[in-house]
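What follows is a set of structures to go through.
Shared between the two complexes below is chain A, which pairs with chain B and chain C, respectively.
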Partner chain A sequence: MGIRLLGLGARAVILVVFAIFFIAPVLWLILAPTKSDHALITSSPFSFGSFHNVAQAWNHLDAYSDHLYRRWIANTLIYSLSATAITLAISVPAGYGLALGKFPGRRVILTLTLVVMIMPAAALVLPIFLELNALHLIGSVLSVILPFSFFPFGVYLAYIYYATSIPSELLDAARVDGCGEWLTFRRIALPLAKPVVALVFFFSFVSNWNNFFLPYVVLADSNQYPITVGLSNLLASTPSFNPAVGGGGQSVNIFKPELALATLLAVIPVAIVFLVSQRALVRGTLGGAVKQ
Partner chain B sequence: MASVAFEGVTKIFGDGTRAVDELDLHIVDGEFMVLVGPSGCGKTTALRMVAGLEEISSGAISIGEHVVNDLSPKSRDIAMVFQSYALYPHLTVYDNIAFALKIRRLPKAEIRRRVEEAARILDLQPHLNRKPRALSGGQRQRVAMGRAIVRQPQAFLMDEPLSNLDAKLRVQMRADIKRLQSDLGVTTIYVTHDQVEAMTMGDRVAVMRKGELQQVASPDEVYRRPLNMFVAGFIGSPAMNMLEATVERRDDALEIVVGEARIELGHATVAAHPALASYNGRPIVLGIRPESLEDAALVADGARHRLPGRAELREALGPDVLVHFSIAARQAVTDDVRELVEDVGDDRRLERLVSGVGSRATLVGRFSPDTRTREGDTIEVALDERSLHFFDPHTGLAIV
Partner chain C sequence: MEATRKRGLHVPRGLLFVLPYVPFLILFGIAPTIYALELAVTNVDGSWAGLHNFTRTYDDFRSVPAFKHVLVYTIVWLGALMVFVVGLALLLHGRANRVSATYRFLFYIPGALAGAAAVVIWLFMLDPTVSPGAFLLRDLLGARIFAQSIAPGNLPYIFAMIAFWTGAGAWIVIMYGALNTIPPDLEEAARIDGAGPFTIAFRLKLPLIRKWIAYMLILSFATGTQLFVEPEIVQHASFGLVPDTWSTNQLAYQLAFRYGDFNGAAAIAVDLLVIGLVGAVVIVTRSGLFRTED
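Up next, the complex of A and B:
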């Protein structure tokens, strides 16, 4: 009995310690915009300041370079949604074809997809840069959207889904019922792929939203920056982080609370996408199709 | 509606497996043809070739007047019921049944009329707005049938449609499908592993084995006059008893010597199997259906032959009693017998067969429920020699 209690206690302690370790920074970040720059250092790290401070931090952030922050968020939404839309249009049919089609070269394409999938994105930045340069696309919106429209992980997810979750008899039934290959995909395979569409949408959107290196390399105009590059730019021009830019005759009202708010706001769209796609990920779409 | 014909149809898969070998089979317009055989005999492949879901390696398949080898499934105007039902899970029952009609762009009113008619026939009206996952197994099966009948196709193809239902429901659906088919008069090819379905549903039965057609005939003919040991052993439950025996001529009569027993054949039997005389002095395989055996104590007719044996197991089924008993004889073990035992998945019996048979063979008799036989009893079993079957042990063919 005693040993059991001791075990329970030890487990609880370990869980609490880890929870605190991971939750503390998030909590700090959420509370930071409620405090003034000074209070952030002097008051307790987990104290709540006031909503007034949040509003003030937002005014400062929004005023920065004539609403530049809003521009970055809008840019990121455009880049991410465009690349994700192209990704979905390509990877779901590609995964379907690779999983259920019979054509020469299928294995080679599948292997190549896997190889590209495990290759770190940063490794490809230089060749992609050269390619974009050759196509005179450097500095254009397309230079950010196009390279990320091919999402091998999405192809792989769709492939796995079709290879394991769609009974081939279902597609045979559609063919016998009068569907050609396109209609079989459009009327049966695609509607049944909702869970994987949601999954690909989520992963593609998040990876596009967090994409930093490529836009950092190919974009020069700060008006075109996505939020990731923008935030690093903001950090670099903040006196409290980079004293070299401090003062300079121009008043930049960007301090730690403003930065905390900027970071926090940048996470919100990803959180929303997660909540939306998570609902569609719920299993059971295929229930009743075939006898298990 | 149309006839369906296989002419020299062969299917060889990529790995070299010959799934269907030179199949010749003509299914006449409106006929209910059952393809039956153990798993891996090629029956499903044959069906899928008619549907266009499997390419034909050589030969020709015709539906009506037209060779359909190169037509895609959608152009063949056939409807198929799959073993797993293959209902579209994202569509309601109504939309599942209407799917093929919508693809063919029939007028809405016509689609509604046909779907409602099918739902009425199949008792699906209350479920039209439900999704397949909300239905029971039997209801799903009926939706799959509905999807086939609204099409009014040239032919129905059914791939073990009842194998996922429980035993009671299967009996009912068996009758329902048979009735529906004869009402609609649509040519039907029905694939099954279950010989009871084959016997009860088919106008004719085609027994297949390892890609080859063994026999095509009416269920009664296949049961009474199997062309070879495989068909004899596959059709009938419990299976036909197979024993090693020898033919001997004594005076004017032919006798079958099985173990210590001698069975004298009557004139009628010899007349029905004229070739048997040429086997004088040679081994044959003797086939005895369980119902040709009866507890001798219940048989008044003294003319019947009697086999002495020992009861090993008694299974009371109600209307009759299955008695497993051993006699002094040897079980016939041929490739056919081995394959049949393997197909049933009876490992213990297979082991006994492969490891060599002793001097005693176990038979199954279907006795009247009045039998007083108990396990361990020494019994006498009456045998009706007119219903015996004789096979050549080398070719496996029936001796007639």
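Up next, the complex of A and C:
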């Protein structure tokens, strides 16, 4: 019995320690913009400052390079949403076609899709850069949006969904009733696709929003940056982590509270998507989605 | 089957739906791979170079340190995933559903902060003047100022920790999902036979999710070798302590951008691509986790 209790106690301690490890940095980030740069150092790390400080940090951040921060957020929204829209428009039909179609090359497309999907996305960034460079597309926003739109995981999710969840008798019945190929998809398969659309939206949006490497290498103008690259740009301009900047003479007013606020605001859209999909994700749909 | 296919359809069933996707697969999946391969085995003027670009980039004085950094980072990260993800998933699997769901959600949250945001947060966490974990930095790393925290020897561990912080939650959820596929009668039978929670976890559950663990490790190994974002961002905040060629991918990037050596960059990109490709092919063909046939 004693050992049993000890085991339970140890289990609780381990879980709590890990919960602190995962959550404390997030809590710190939420509280940091409420404090002045000085208070961040002197007051307790998890204390609350004031909303006035948040407003001030925002004013400094917003003033940075003539509202550049807003521009980055807007860029990220444009890149992520348009790429996700394209992803949905091509991957849901593609998954459907791969699941229920019979055509030469189907197996090859499926296997290639799987391989690219499992391969780390970063492995393709430099090759894509080299290719876009040869095509003289570097510096265009399309060189971010189009590669983002290629999301093989989305095709695979749609494929698995149609292959397992929709009885082919249902579609056959529709065909017998005289629905053509397109009408069968439009009237039957597409309305049934809601869960998979939600899933693809989630993964595609989050991976686009967080992508750093590709936009970092293909975009040159800081006005085109998404927020991920913008954050690293901001980091390089703050004297808090880069004393050389302070010595440059030009004051940018970007200190720790401003940097923390910039980071916090940058993750809000993804955090919202996470909260909305929380139940499905934690239940293990994610695991189930790629399971046999 | 033949009859349905022929009836009123001139194109094979399903093909039209897949067509819009094909150009994307070719342009951003296949073509870049082939083009990188081609660049890697040719010279600037397009003449055949054989393996020269590969040996040349390998002999670069920055190449071996970068390779070592990435290797240490990947090993530390894989070890952490192996022990903690599997351990936490097993711990949570034995819990009341409500409590377990709460923990899984808490562990998953940092996933929303992946990439650049996570790096910036951890720069704060590693700055002893503001970090809530300042006592840990002092006692474990002996660091009293930021520059000491990010001393070069610490970096592979720091990057592994950041990667673990953002990614572990998702893997815990996946492992938990895999554990849920174990039939409850099996566990019940073991319990009746007198097996304790430890025996059940390690002798029964662990072997049954072996495939998923292998999947996680292969995938993470391939991902780990691609390390770029973390060292690239930290380098901006490192007072010049961290070289801009810290990781292999950074070296490839620098070759292309600073020196215009696209062939050399392609050779390194191909090295990394092969690692990713081999990992992916092994998972697809050997694990049986992904179906390609119905």
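In this text, the second predicted complex is superposed on the first by the 260 of 292 C-alpha atoms of A that agree within 3 Å, B and C clash if a C-alpha of one lies under 4 Å from a C-alpha of the other, contacts with A are read in each partner's own complex, and residues count from 1 in each chain.
Operating definition for what follows: contacts are C-beta pairs under 8 Å (C-beta built on N, C-alpha and C of every residue); 3 or more make two chains touch, one makes a residue touch a chain.
All values reported here derive from a predicted model rather than from experimental measurement.
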| item | value |
| --- | --- |
| First (chain B), second (chain C), both or neither touched by A:L231 | second |
| Contacts of A:F241 with chain B and chain C, given as first, second, both or neither | second |
| Partner chain(s) touched by A:F185 [first = chain B, second = chain C, both, neither] | second |
| If touched residues of chain A are counted for chain B and for chain C, the larger one | C |
| First, second, both or neither for A:A173, with chain B first and chain C second | first |
| Touched partner set for A:H136, first chain B, second chain C, both or neither | neither |
| Chain C-contacting residues of chain A that also contact chain B | 172, 175, 180, 284-288, 290-291 |
| Residues on chain B engaged by chain A in the complex (per definition of touch) | 48, 51-53, 72-74, 76, 78-80, 82-90, 99-100, 103-104, 131-135, 137, 140, 147, 151, 164 |
| Contact footprint of chain C on chain A as seen in their complex | 7, 11, 14-15, 18-19, 21-26, 28-29, 32, 40-41, 45-46, 89-91, 93-94, 96-104, 106-107, 109-120, 122-131, 133-134, 146-147, 149-150, 152, 155-156, 160, 163-164, 172, 175, 180-182, 185, 206, 210-213, 216-217, 227-229, 231-232, 235-236, 241-244, 256, 259-260, 263, 266-267, 270-271, 273-274, 278, 281-288, 290-292 |
| Touching residues (chain side chain C, partner chain A) in the complex | 1, 4-5, 8-9, 11-18, 20-22, 24-25, 27-33, 35-36, 39, 84, 87-88, 91-92, 94, 101, 103-117, 119-125, 127, 129-133, 146, 165, 168-170, 173-178, 180-181, 197-198, 219, 222-223, 225-226, 228-229, 232-233, 236-237, 239, 249, 252-253, 256-257, 262, 265-266, 268-269, 272-273, 275-277, 279-281, 283-284, 288-294 |
| Interface residues, chain A side, partner chain B - complex | 167, 169-170, 172-180, 183, 187-188, 191-192, 284-291 |
